[in-house]
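Paired with subunit B in one complex and with subunit C in the other, subunit A is shared by the two complexes that follow.
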Partner chain A sequence: MAVDAANISSAGASASRLRLRPHWPFIAPLILVMAAGFAWPLLHVLVNSFHPNTPQGLDAEHWTLTNYRRLADPLYGEILLRTLRISAAVTAISAVAAYPVALFIARLSPRAQSWMILAYVSPWLVNTVVKALGWTLLLRSNGVINTALRAIGLIEQPLRLLLTETGVVLALVPGHFMFVLLPLWTAISALDPALSWAAGTLGATPAGVFRRIVLPLTLPALIVGLVINFIMNMTAFAIPMLLGGVRNQVASMLAYQVDLVSLDWPFGGALAVALLGFTLALVFVGQKLAVIGLSSRGGKPEVSPS
Partner chain B sequence: MSLEVAGVRKAFGSVRALSGVDLSVPQASFFALLGPSGCGKTTLLRVIAGIYASDAGKVALGGRDITQVPMHRRNMAMVFQSYALFPHLCAFDNVAFGLRSRRLPKDEIRSRVAEALALVRLEHLLQRYPCEMSGGQQQRVALARALAVRPDLLLLDEPLSNLDQRLRDEMRVEIRDLQRRLAITTVLVTHDISEAFTMSDRIGVMQEGRIVQIGSAEEIYHRPANRFVANFVGPINELPLTQVEGDAGGARALLAGQFSVRLPALTRAGPPGSDLTLILRPQALRLGVEEGETANRYGAEVEDVVFLGASSECRLRIGPLRLLAALPAGSGAKLAAGDKVMVGWDAADGVVTDGR
Partner chain C sequence: MMLAVNIVMLVAVLAPVLLVVWMSFTPTASFVLPLGDFSLRWYREALSYPGFVDAFFLSAELAAIASLITIAATFLAAYGLVRFRPRGREALMAVFTAPLLVPAVVFGIAMLQFINQLGLYNRLVGLVLAHVILVIPFAIRSLVATLGAVPEELEWAAMMLGRSRAGTLWHVTLPLCAHGLVTAFLFSFLLSFSEVTTTIFMSGPSLQTLPVRIYNYMSDRIDPTVAAVSALVVMISLALVLALNLMGGFRRLAAR
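Let's look at the complex of A and B:
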């Protein structure tokens, strides 16, 4: 008995000296892959962005801020602004549609719910290039949308949708809507129905129940979804390229041009760092908003009692 | 206000949850809906609250038909089994919720919240959030939230089932006192017999979507309407009867095909002659009775005696029949397995029912 106890305690002591925890073997491969395949190249991108580019390639001897100054060029500024505008428009449309769709789905039978969710996820299961081709059939001047609008007499001249920002936004919304819908639907389904009943029996109208109970309790899930959605929009490549064309260049197309066509890696690095910084800032703000909404202690009572 | 429920039916798909419920609760009284899970009692409460629309029937409050009135205009309040406190609001805002729905001025909201929280002795926890409160405190806040709106009808859906035994006993008395003091008409849903017995003026026992008996605790315990009610509210002896004959003055039959037995007057059981069941509470049996002391008297053999503190349980055998008798404390000590004893009961202590 005494020997056993001594063995156990010495084994415990050596384990804690080595700081070996049973979960390390499972986490280590992922950390190695992420370090070698993601963190290390990203560090190179960051370092490269401070080196000048020469006709012979990257000049590792000198340091400069030229690459970042170039970002302020109106040409690139316009591209960044357009990327933001398209992404924000898609996220805004998704935000407006999110609650009606999620509430509708959450009230269906479990079986109908899984079919509806599959329907909303399905655009993501289709190859982007195929999806873009499909959208050209819908958007072109003699496409489905224009033909239908003319048939019901809403327009006389066909709307120009293909090779415009509007077309890109229209095509991105269904493709990326599931990133907003899934977390929100999950949060709404997880709400105890007794909360809505309690609010209703206490005199809250259906609109009041939504505003005072459902909305504050599920807003964090919406915000998380909107952040993911926005990032997906910022990094979309095939849809803007095929439906927006070169005249409606977005950041991902510029990055392709700079890194793989011009082979100007220092400027490409600066572009990547700027986009990463912007996206991280957005994730940070989104998380703050979500935490404020989530933590009841963060919010103030509606009226502070004296 | 008084509550009347008439002919209420409700089905979920092919499942009939309520098949014609009639119920009347007088002003300021405490009514308990008692039944096993799945009997439809919670569905009935939700129909009364307006959470579910009934398929047929009528709900009236204070004489006004409110069947079509949406829940937010019924001026009722409900305490849920899960309490359903709003997790993003502190105790003050939870209790103030119904008052803000009614758009009361801020000063009045403040005083009425303080008043409601004082009723449940939680005035010091205004700023606490539900996750920072114990189960008992959450339960009190839920009660305060319901009382703050001064409802015409208070609905309690198994409000005590998530509390430990001591707290539950305490809250029973507390809720009962509050209900009397504030004179609020109250409907309680419970599967707990002692909860229904200690808290309510009248009890409705539900079985498969119907109310099978309405009465006081004593009536339901001693004069159960059928075998289901008798069984549900406590242990019973069920004895098969044959050759039943008699009238409103009194009846007799054969017990287990061999013993003659005197029965109470037949009123609601089936026609004389058919096969019926005699229901006897363990407390109705008396041991060691003398000749002529009780209407029925048989020689029995003791099989087992179990001491339970306040009473003892005695298993007996009369010929082929097994019976359970409850003996007051002390009287069981003299008996042991194998003893021969005379057992008897009065005709009026039995209840005769048909097979149901």
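Let's look at the complex of A and C:
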């Protein structure tokens, strides 16, 4: 271990030992920023969610659970169900595509690998509104997909893709695929190639190597990615709004409606708290699953939240 | 089979972005893919629409301010974590990366209610605060890695030769980290520049960033003007991504 650098400066050595925490002046600014911009707003919305809403706005004098009871309203059940349906479809498709893509990339040369990863990741850094425009141009009744399908004679009438759940799913899959691909590709790259080679010399088929070696060792990474993917799908806003439209309302659109149109902050707060609670619960379960998956095979658990 | 899946996914990932760029060169008023007959007509249209131009400058200003604040505060914190190795270092890292666990919608709602009750609605400071929080998790990871790669012995040497810790930080550590600082700044800028969801929830009518302005325009109508301005956004973003990639920071940021 390296020596604590503070001890080197002769004058400050004993003093900083006595004060014990020489790192605080460095860390304090960031802690303060996070307290003001992160912890405080989240606490604020939590408190708001327990106040009643009145025609004059939020009533800070009284406390209530009404906002949480309203979440159980069957009116919102349909929206929740649609959100879950879309999210699950996107995550399922991503799960099926993840291994073929990650295994393919992991077998390329290091240089080709970094270009492939760049190709998958860079669209994530272009804002989602622009991608939603791209998908609109693809999915419209006279858009690229319908024009192409009609040109080769597969369909007579244009398919209705825009303003449907199918369209939202089609756009969300590539939009959030990176969150599944990156952890899985990292895990596959970290595998010892000697394992597959050894299994091969002992007579295992490529399918057998995948099923008995690659899959068990990298499944935890896939689970971590799928959990993040599912959360991103549950809380996506611009894509469902612009491609699904108001008739296919999902949870985030309801939140927008409640917070910015009805200005019902207590209920909007309850929605936010419920979404956050659901997210954290999923992350927790996902990490537990990943750790169980690993430890049952004697591996060393290593899970990062994203 | 793996190749086929890979091609399908790659097309699905890249097609919407590339299609917008291609379509933006159309000479017609409807969305007809231009084949050999390209025009800059809609770029002139987009650049003469003050809504887009103002929003671009707001986005760039916001991204620059938020990234500078983030890098300054995060660099100090990373220095504290890496050089002093305090107990609870893991816990502090968990705190600094916690915004990744909060969905953008939830954070947007929290920020909307928070800045309203503070009377900061429709003011730049609220947006800056939100964007700072959103990029901290990425900045802290990359700067901790940067500082970990700088030999501590060089700092000891400077301090033994009489520099104070602050002087050493400024004259020795900071220049040694220049490359990592620029990478982290570019990445933060890019994240802030392309942030949509949280910003839509909390930005006031007179503070619409470029993505929010495009979103509002698209909710109203879709014409090639919006394709042209979107194509410009794509080109700016991809130029930054390539710059990051050339600096080598991208692989580290992406691979975590």
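To be clear about the criterion, the second predicted complex is superposed on the first by the 265 of 306 C-alpha atoms of A that agree within 3 Å, B and C clash if a C-alpha of one lies under 4 Å from a C-alpha of the other, contacts with A are read in each partner's own complex, and residues count from 1 in each chain.
In this text, a residue touches a chain if its C-beta (ideal position, glycine included) is under 8 Å from a C-beta of that chain, and two chains touch if they have at least 3 such contacts.
All figures in this text were calculated on a predicted structure; none of them were measured in a lab.
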>> Applying the document's definition of touch, where does A:G203 land relative to subunit B and subunit C: first, second, both, or neither?
In response: first
> Which partner does A:R111 contact after superposing on A: first (subunit B), second (subunit C), both, neither?
Replying inline: neither
> Comparing subunit C with subunit B, which touches more residues belonging to subunit A?
Replying inline: C
>> With both complexes superposed on chain A, which partner does A:P216 reach: first (subunit B), second (subunit C), both or neither?
In response: first
>> Quick check for you: in the superposed arrangement, does A:R247 touch first (subunit B), second (subunit C), both or neither?
In response: neither
> What residues on subunit A does subunit C touch that subunit B touches too?
Replying inline: 305-306
>> If we count contacts the way the header does, which residues on subunit C are in touch with subunit A in the complex?
In response: 1-3, 5-6, 8-10, 12-20, 23, 31, 33, 69, 72-74, 76-77, 79-81, 83-86, 92, 95-107, 109-114, 117, 129-130, 132-133, 136, 140, 152, 155-156, 159-160, 164-165, 190-191, 193-197, 200-201, 211-212, 214-215, 218-219, 222, 226-227, 230, 233-234, 237-238, 240-241, 245, 250-251, 254-256
> What does subunit A use to touch subunit B in their complex?
Replying inline: 192, 194-195, 197-206, 208, 212-213, 216-217, 296-297, 299, 301-303, 305-306
>> Under the stated contact criterion, what part of subunit B meets subunit A in this complex?
In response: 46, 49-51, 70-78, 80-82, 84-90, 92-93, 96-98, 100-102, 106, 109-110, 113-114, 126-127, 129, 131, 145-146, 149, 155
>> Applying the document's contact rule, which stretches of subunit A touch subunit C when the two form their complex?
In response: 2, 4-6, 8-9, 12, 21-27, 29-31, 33-34, 36-38, 40-42, 44-45, 48, 97, 100-101, 103-105, 114, 117-123, 125-138, 140, 143-144, 170-171, 173-174, 177, 182-183, 186, 231-232, 234-238, 241-242, 251-252, 255-256, 259-260, 265, 268-269, 271-272, 275-276, 279-280, 283, 304-306
